[in-house]
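A single structure is presented below for examination.
For reference, chains read A, B, C and D in written order, and residue numbers begin at 1 within each chain.
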């Protein structure tokens, strides 16, 4: 599944961005160049503008810490399961590069322990469990530890009767962990089944890109599914599809607009409105959650 | 909904059949003419051949008594709810013709009390509840009594833990009983929900034609849905659709082949194979019904 | 808003007189010196008189609307639609889109909302106001994906124990090749069984036209309410006329004979309640209409949400089971032998 | 059936020798007078010897297949497919078609059946044998409607308390515009949650290629079995090679490194059981393969059907929950800080 995204990526970023999606800041971070319209943006303005291009509206990718800062009430984030780090279950080596080394490099580069950060936090004063993937870490790919951390987040939400928000950004399953990675799709989905049983709402936010095994599991199982404008969303990336069918695809294939038009998501939300929309949803679902937890615990007996 | 079928009918039978679907037998019933290929068929052969044209395979419509004779083991049919006959809840009169008079005429012409016959019977020695609609009776339209008889059949199947077979042949709801007719769609569907809860299988056989309110309710709710070859099946008849969209439709629109190709039914079964296929299904579901009824009655407590 | 329906012509005449009188009074007020003493007061009194007369006439006209006239009101192009009600009734609303299978049918729209502090799922047909919106909504004539989206939203409500409110206003389900290809029959049928068994309250309100299977596909519930001038019918009067009278010009006769008005259906026990409309129809005062409906919905939901869900489901089953039983009020025992 | 895989070349040589020897013996038997006494017996002995050698060689070849060689066997064009198994294993079978939404995907087929006197729902990928069937089945690469049909059949099984048997053999889910338009991601995702919660036993058997999400979409269950020479992988060896080795020619390396064989996966606790294949692979004796599989399925279903459904579901949840927990055998405690 990884291949699809990697191809897709080179597609998306063909005009200047680093292939792993990180944007190269110009000297001293004074300015950044929009990979979509090539406009040079003043760094400070760009940061105030939620990392959105003021000219064309392009939503730059956010790292997990940036996303958390954007969405949560200041100072409310409490990370958990941070100490879980991937092993190398298959002792995987490709092109003389051990997976173990790759992991170490990614940790050093990103300052993260894995491609996902999970924890508790608040939005507009309302508590929730939040999961944020980081595409910089091996393309946000889901290995056993990513799956494990997400599953623990889901279980925490279920145990504590909290709403769950997952912000996806992933190319799919992590090939270096073989079938163990694929099974994380089943594991996370099963956990979401349990969450639904106890009546906690799950909001899924699809950010650029959400493809492969992540899109074919928890990302598309949200009670409410939102997407950021322009995000690449789909099972396969457009490049991979074009290679498979030997045809050019319509330009909007597997964009946020595409999946909304085909009834797969509820809405596309501009980044500056995200907090407000999430706040509104938490208020609405908050009104029925007490009812639900009481009734469902009765029903489960 | 009726209009759709009536239009559709004139479409289907444009080459010789009586507009109500009855085939005019040639003198002394020695021969019948196929409305599809115009072949003149020897009456006795035609009857032995399940009322199918030996040349083109056209399945002539069957009356309810003919259908029952075709499907059930000889002498096993026990009708119930036969004494229910339609009233005239709206005192309906159109073009100086009272609905009440229309009902009397239909009764006299068909020898039936309503557009459906329900009862118990056996196929290959296995008991079931059977519902057979008769298109001759006001286009097989569903009024309150048709809905009531079908609902009683469903409830009987549920009460006696028997499989249910419904053979549909209808243009839809009966306009002369107004909204009461439309509500029979909800009533029969709700009853099928109850049947499903107790684990009795429901086999729906769609015969020519099955449209309108019947297709949009119990006919398409079968656990297994079968159709006879060539049957007109759909919400609207092709004529009505063509009038609505001002375009010609592809020739096979809303045929048995069409609905199978679009995933709406399980299979098309030639009339000579029907008894065998039904027998097979009853054997398969028979093996799990005892399990089901025991477990579901436990679950319902 | 001008009186623009056929049967409103006398009201339109009065309206024109009022507007002329208004101009007169205004002119006179601008130049009071040109008028005799008392003349100005008389003119103002005449205006008040005309206005009062319009109210009286409107009241008496609307008190004895024929079924066919009600059809005109139910179909009025300024009649409030689902989006209007949502906007005017709900404190919060978030639209849920798509059937997760094929598309997002704009002919049925809905989402999660707060209504008087209660979390609900609200959905309904949307005919569309201007030409662009009407095209986008296919004039409210829903396709299979609309019914599937509706069912998805209702399952959502069930999961979160929210009551469901459906608003019905549709001439009829989409009649085209695409609707058949994607199984409009199956989609409606599955909603009938799904709604009959949904483990949360369902309150259905016919706000305009309740047209046949396309209406029924989102109107199986615990209670069916109808707006005062709405209709609910097994087939459109035109369709019924063209078949049973062989001429669609007999639509008014069909409307009469088929008993399609809220009043006819309440009398026959097929609906639970009539929601009064502002004088002259819902389209004359959307805000008032929405306020009335909000109150009505609230008192109904208060009752329905208080019931244990198993009781609710049993009552819902019985509600439909009783329609057309030989014992039913509408089928005189005499004629059911 | 000829030995036609690359690594079977020595066997193919032996096979040719046997066939030549057979002709010799046959010719000699026709004209025994032309041969010295004992010569005929010696020829027959040589033939028997060759045959025995072929069996031995086949056995030793297949006992030490490399992962990449297993990939070749798993993909063999004569390998038994779902329809073969259904035909050979089930006493009765009735196909259930269609997703009731859009179409009938021939890449996943299934229905109700009797298997050793038990009513079951059995379904699986169908790659297709001849060109026409392969086209019709899209080479087994299923579209969203295939996964939705599969889920429909599984709900059917749940309703009638029939256990579900799924047969997995797919290179990967369909990769094309239509698959994306109709939501291949959503379809697979909903099957994962649906199967995790299905209230009836699910037994999954990888019969050929278990290819990524397209395989997983019908293989969440209580037990996963794999045929002796089948594979199950997160990405095809070719795809993995072209990304991680930047050259698809490294597919054999990827096959080795990714641990995709039944033996590798049993060792790692990711599957429950390996189903032995006839000598030389399932395609050499479909009837024997089906008989072995039927026995295996039967003993597994006997056990699963005996469990109370709540226990079954809890065990199923735990089965997946445990994969990749820090305590899992595969993630050495040392590396999980």
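Note that in this section a contact is a pair of C-beta atoms (placed from the backbone, for glycine too) under 8 Å apart; a residue touches a chain by one contact, two chains touch by 3 or more.
Everything quoted here is computed from the prediction, not taken from an experiment.
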The pair out of B-C and B-D sharing more C-beta contacts is B-C
Rounded to a whole Å, what is the gap between the Cα centroids of chain A and chain D?
34
Distance between the CA centroids of chain B and chain D (whole Å) is 42
Using mean C-alpha positions as chain centres, tell me how far chain A is from chain B in Å, no decimals.
52
Sequence positions of chain B contacting 2 or more other chains:
196, 220, 262-264
Can you list the residues of chain D that touch 2 or more other chains?
100-102, 182-183, 186, 190
Please categorise the chain-chain contact pattern as a line, ring, star, complete graph or other.
other
Every chain pair meeting the contact rule
A-C, A-D, B-C, B-D, C-D
Residue numbers on chain C that touch chain A, as the complex places them:
92, 94-104, 111-114, 117-119, 145, 149, 156, 159-162
For chain C, which residues count as touching chain B in their complex?
173, 175-177, 179-186, 188-190, 192-193, 196-197, 212-213, 216-217, 220, 232-235, 239-240, 242-246, 250, 253-254, 257-260, 265, 268, 270, 316-317, 320-321, 323-326, 328, 330-332, 334-337
Given the complex with chain D, which residues does chain C contribute to the contact?
100-102, 144, 148, 182-183, 186, 190
Which bits of chain B are touching chain D when the two form their complex?
196, 199, 201, 220, 223-224, 260-267, 277, 280-281, 283-285, 287-289, 291-292, 295
Contact residues on chain A for chain D in the complex?
1-4, 6, 83-90, 92-95, 100, 143-145, 147-148, 151, 173-187, 189-194, 196, 212-213, 215-221, 234-236, 240-241, 244-245, 249-250, 253-254, 258-259, 262-264
